[in-house]
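Shared chain: chain A. Partners: chain B in the first complex, chain C in the second.
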Partner chain A sequence: MELVCPAGSLPALEAAIDNGADAVYIGFSDETNARNFGGLNFNDKNALRALERIRNRGRKLYVAINTYAKPDSFTRWQAAVDRAAGLNADAVILADIGLMGYAQRRHPDLALHLSVQASATSAPALEFYRQQFGIRRAVLPRVLSLKQVQQLTAASCVELEVFGFGSLCIMAEGRCHLSSYITGESPNKNGVCSPAKAVEWRKVANELETRLNGVLIDRFADHENAGYPTLCKGRFIVDGKRQHALEEPTSLNSMALLPELKAAGIKAIKLEGRQRSPAYVSQVVRTWREAIDQVLQHGDDFLVKDRWQETLAKNSEGKQTTLGAYDRPWQ
Partner chain B sequence: MLAVKRSISQLGYRFGCKILPLLPSWPGEVAFIKLLNTRLSEELHDGLFDFLDNQVLEVNVTDLQIRLRVSKRDAAFVRALADVEADSTISANFADFLAIASGREDPDTLFFQRRLCLGGQTEIGLTVKNRLDAFDRSRIPQWALRWLEVIAAELAVITPKYRE
Partner chain C sequence: MQLALGPAQYYWRRNDINHFYEAMLSTPLDIIYLGEVVCGKRHELRAADWLERARILAEATDKQIVLSTLTLLESNADLNWVRKICDNGNWLVEANDMSAVQLLSEARLPFTCGPAVNIYNHKAVEHLMSMGMVRWTVPVEMGSQQLSGVLNACEKKPEVEVFAYGHMPLAYSARCFTARHHGLDKDNCAYRCMEYPHGLPLASQEGEELFVINGIQTLSGEAVNLLSHYPQLCERGIDILRLSPQWQQMAPIIDAFDRARRDDLDPQLLPPGVDGYWCDRPGLELIARSGIATSE
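Our next item is the complex of A and B:
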């Protein structure tokens, strides 16, 4: 099982390599990737440095170009694919079918991974992407239960990658309109959920207010943990009660399922967090490296160690970890 | 021996909390800005901090009551005028700032735990955070990094947590 780790900067990429990443995924500094935040990601100079470090240590580099191209600026997305191919990246992670078609025609040797944003949840969908665009791997959406992941792996014609750890969103990958509803910008088109320019934190009396484009989405008392300022994680008054109406700030943690995922034939585990610092990458990657090594060596005797759980809990959004969507006994 | 060392650091820290708020802020600000200009010269040259042009960023060290106000003009960081309100504020205690600087803690983690606060224009604060995360630590002398780690580790133990 390959451990695929996030990097939003060169030091984060080094931290991932040093702590045992098999592959690192990065994005360019523009809206062609879904973590388009100020000061984050790689310009051409740093992308070259990233590749050099990856090659020196015998790891793989994937480039996420996982947003949907706009009709009037498709050339920017094409240029991103050309840049990744020019770098000789080991794969590009794509969601847009127009872009997949372009990549396949223009760079037939470039491996294509289907992004989670494409939201392919059935074997026929995966087969379609393979036939049409020759994708080698697909990242599965987090809406699936473990049983569904197992069924899909048995039927799939391509390698499958699942999320191991990271902040959860509302899990309508590639189809979520909440951010654009309130800010006019969305992960799918602009590469940002809740763009920072629309976010305001304001201390009012003893509470911290979060506003998104002027709209109040949450209010935290002093003792409460905060989450990312997204509409899906806000608290709203429903039936007279203030609550997380859509989703609680939660991080996914599928570590306990590693033996089952391995037995099912999952080829890669992805860690979320290109927006996080090298400190997060070091801690989380090291923990997952140890866990995966343990599964590879001891198989079914695998138990999640308290120390791993503590590290992951500390780095979690909302300080909760959960099996998330992989655990849906009712499905 | 460890106990002695710890009481000395605690004494030093408490002394700092009492004395530093009484001192003028400009010497610290001048030194801080000089450090930034020296260490971030490549980034400044590449235009990576142009988003701070004529903007005022305030770094607020809550326990020591130190406010360092930074702006940028031409190709250098400069002190901000005293009467101009900050466009963006980053607040945390000294231990947490050092934990971030030494790579012990992730800023988002501290943010979730309400130990790091952003005020004013979020985009400025977030971009500063990301630019500093991208800073290549191999450009800091080894001895300085080592010291930073030692002091950060010590402060992490002796400083009362923000939430407590």
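Our next item is the complex of A and C:
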């Protein structure tokens, strides 16, 4: 099982390599990737450096170009694919079928991975992308239960990668417009969700308010830990009740399922967090490296160590983790 | 300009569904989309019942009947439902995910793509047309400028449909938010979404209507209303306007849009709603506050 790790900068990439990543995924510094945040990602010079470090250590480099290309600037997305091919990246991670068609025609030897943003959840959907564009791997959306992942792996025509750890999208990826409804910018169009430029923190009396484009997302009392106002993790009023109506601030952690995922034939585990610091990448990657090695050596006797759990909880939203959709009761 | 009734988003009782569609027969709609698009657990009408409904309606009307597929497939049961719809043998199918696109294109059948299929550029349109797509309902978050960009760049255009009235489907999840609101898991949801025939409103702590919860789906808190943009929709080459089924007062909505196409456009006939997405702004904004919007 390959451990696929995030890097939003060279120091993060080095941290991922040093701590045991088999592959590192990066994006270019523009709206062609789904972590289009200021000061993050790779220009041409840094991408070359990234490649050099990857090759020196015998790891793989994947480039995420996983937003949906705009008609007027389609060439920007094409150029991103060309740059990844020019780097000799081991794969590009794509979501847009327009762009996949281009990549396949122009760079027939470039491996294509289907991004989670394409939201393929069934064998025929995977077959669509394999037949049309020759994808070799697909990243599954975080909407399937463990049993559904097992069934899909058995029926799939391509190798599958699943999310192990990181920020939890509770909506099917690539099929959520909540962010553009409130702020005008979305993961599909702009590579951002609940963008930082729309965020306001306001101290009002004894409370701290978080707003997105003026819309109140949450209010925190002094003793509460105020989190980033990701839209789906705010507190709202439903039927007179104030609650985390969609989801609480929490991160996904599927480590406990590693033996089952391996047995099912899952080929790769993805860690989320290109927007996170090198320190996060170091700690989370090292923890997952140890866990995967443990599963590979001891198989069914695998137990999540307390030390691992603590490290992951410390690096989670709201300091808590969940099995998410893998676990039916969460649904 | 044709008027289409989109697929119903909410979970209504069988009798209510049947009455609703019977009432639609006497309206000036041109197209009726039928089928469950949100949750494969909803069983008031299963796939076979929707096919039967299609047959009954088709016998009674010349309106085009289109069958819509589920949007988010999770289980084998969901996939089987989609297969039954795709294998119907009579009617055009609206594919709401790539599973349906694959099944329909393998069977060499023409199909339409619903708004949750991610088509954002001309290359994607052309690719899907090469596989049999004859009609494209534009993603709800796409503005008129990007849409024009797509259409201008297409060598060959499909029929183009725009979501013009109703609460917009914004997101789909593994989690059922209606069940969660009632402290239930999805596996034991007790079909509580049936208690909310126009969804369960979710507001900010300041009382601003943000979203509508509908089982695993999240809709916009406000209804989109592009009536005042009717002239511009015509100019941009839109072929079909989609009106989303409402629990009540569907006929006046259809009537208001029908008047527009008979040169009797009156935006005051309907509540203002929102039009932000169409104006390339956040979806919840209302740009054309009153009167008839004109092209910039």
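Note that in this section the second predicted complex is superposed on the first by the 327 of 331 C-alpha atoms of A that agree within 3 Å, B and C clash if a C-alpha of one lies under 4 Å from a C-alpha of the other, contacts with A are read in each partner's own complex, and residues count from 1 in each chain.
By our rule, a contact is a pair of C-beta atoms (placed from the backbone, for glycine too) under 8 Å apart; a residue touches a chain by one contact, two chains touch by 3 or more.
Note that this is a predicted model, so its numbers are computed, not measured.
**Q** Should the superposition on chain A be reported as showing a clash between chain B and chain C, or a fit?
**A** Chain B and chain C fit side by side in the superposed model.
**Q** Would you sort A:Pro11 into first (chain B), second (chain C), both or neither based on which partner it touches?
**A** first
**Q** Could you look at A:Trp201 and tell me whether it touches chain B, chain C, both or neither (first, second, both, neither)?
**A** Touch status of A:Trp201: first partner only.
**Q** Return first, second, both or neither, reflecting whether A:Pro278 touches chain B, chain C, both chains, or no partner chain.
**A** first
**Q** Using the touch definition from the top, say if A:Thr183 reaches chain B (first), chain C (second), both or neither.
**A** Touch partner of A:Thr183: chain C, not chain B.
**Q** With the two structures laid over each other on chain A, which partner does A:Gly27 touch: chain B (first), chain C (second), both, or neither?
**A** neither
**Q** Quick one: is A:Ala95 in contact with chain B, with chain C, with both, or with neither? Answer first, second, both or neither.
**A** Touch status of A:Ala95: second partner only.
**Q** Once both structures are overlaid, what angle do chain B and chain C make about chain A, taking C-alpha centres and a multiple of 10 degrees?
**A** Result: 120 degrees at the vertex chain A.
**Q** Once the shared chain is lined up, is A:His223 touching chain B (first), chain C (second), both, or neither of them?
**A** first
**Q** After overlaying the two complexes, what is the shortest C-alpha distance between chain B and chain C, in Å?
**A** Least C-alpha distance after superposition: 19 Å.
**Q** State which residues of chain A lie in both footprints, the one left by chain B and the one left by chain C.
**A** On chain A, the chain B and chain C contacts do not overlap at all.
**Q** In the complex of these two chains, what residues of chain A are touching chain B?
**A** For this pair, the touching residues of chain A are 8-12, 37-40, 46, 195-197, 199-203, 208, 220, 222-227, 249, 275-280, 282-283, 314-319.
**Q** In the complex, go through chain C and note every residue touching chain A.
**A** The contact residues of chain C facing chain A are 71-76, 78-79, 97-103, 105, 116, 118-128, 131, 139-141, 146, 149-150, 152-153, 168, 170-177, 180-181, 185-187, 200-208, 210-211, 213, 218, 220, 276-277, 280-284.
**Q** Report the residues of chain A in contact with chain C in the complex, numbered from low to high.
**A** My answer: residues 68-72, 74, 95-99, 101-102, 117-125, 127-129, 131-132, 142-145, 148, 151, 170-172, 174-178, 180-184, 186, 188-189, 213, 215-219, 234-239, 241-243, 245-247, 324-325, 328-331.
**Q** Enumerate the contact residues on chain B facing chain A in the complex.
**A** 48, 51, 100, 103-109, 111-114, 117-119, 121-123, 126-131, 133-137, 163
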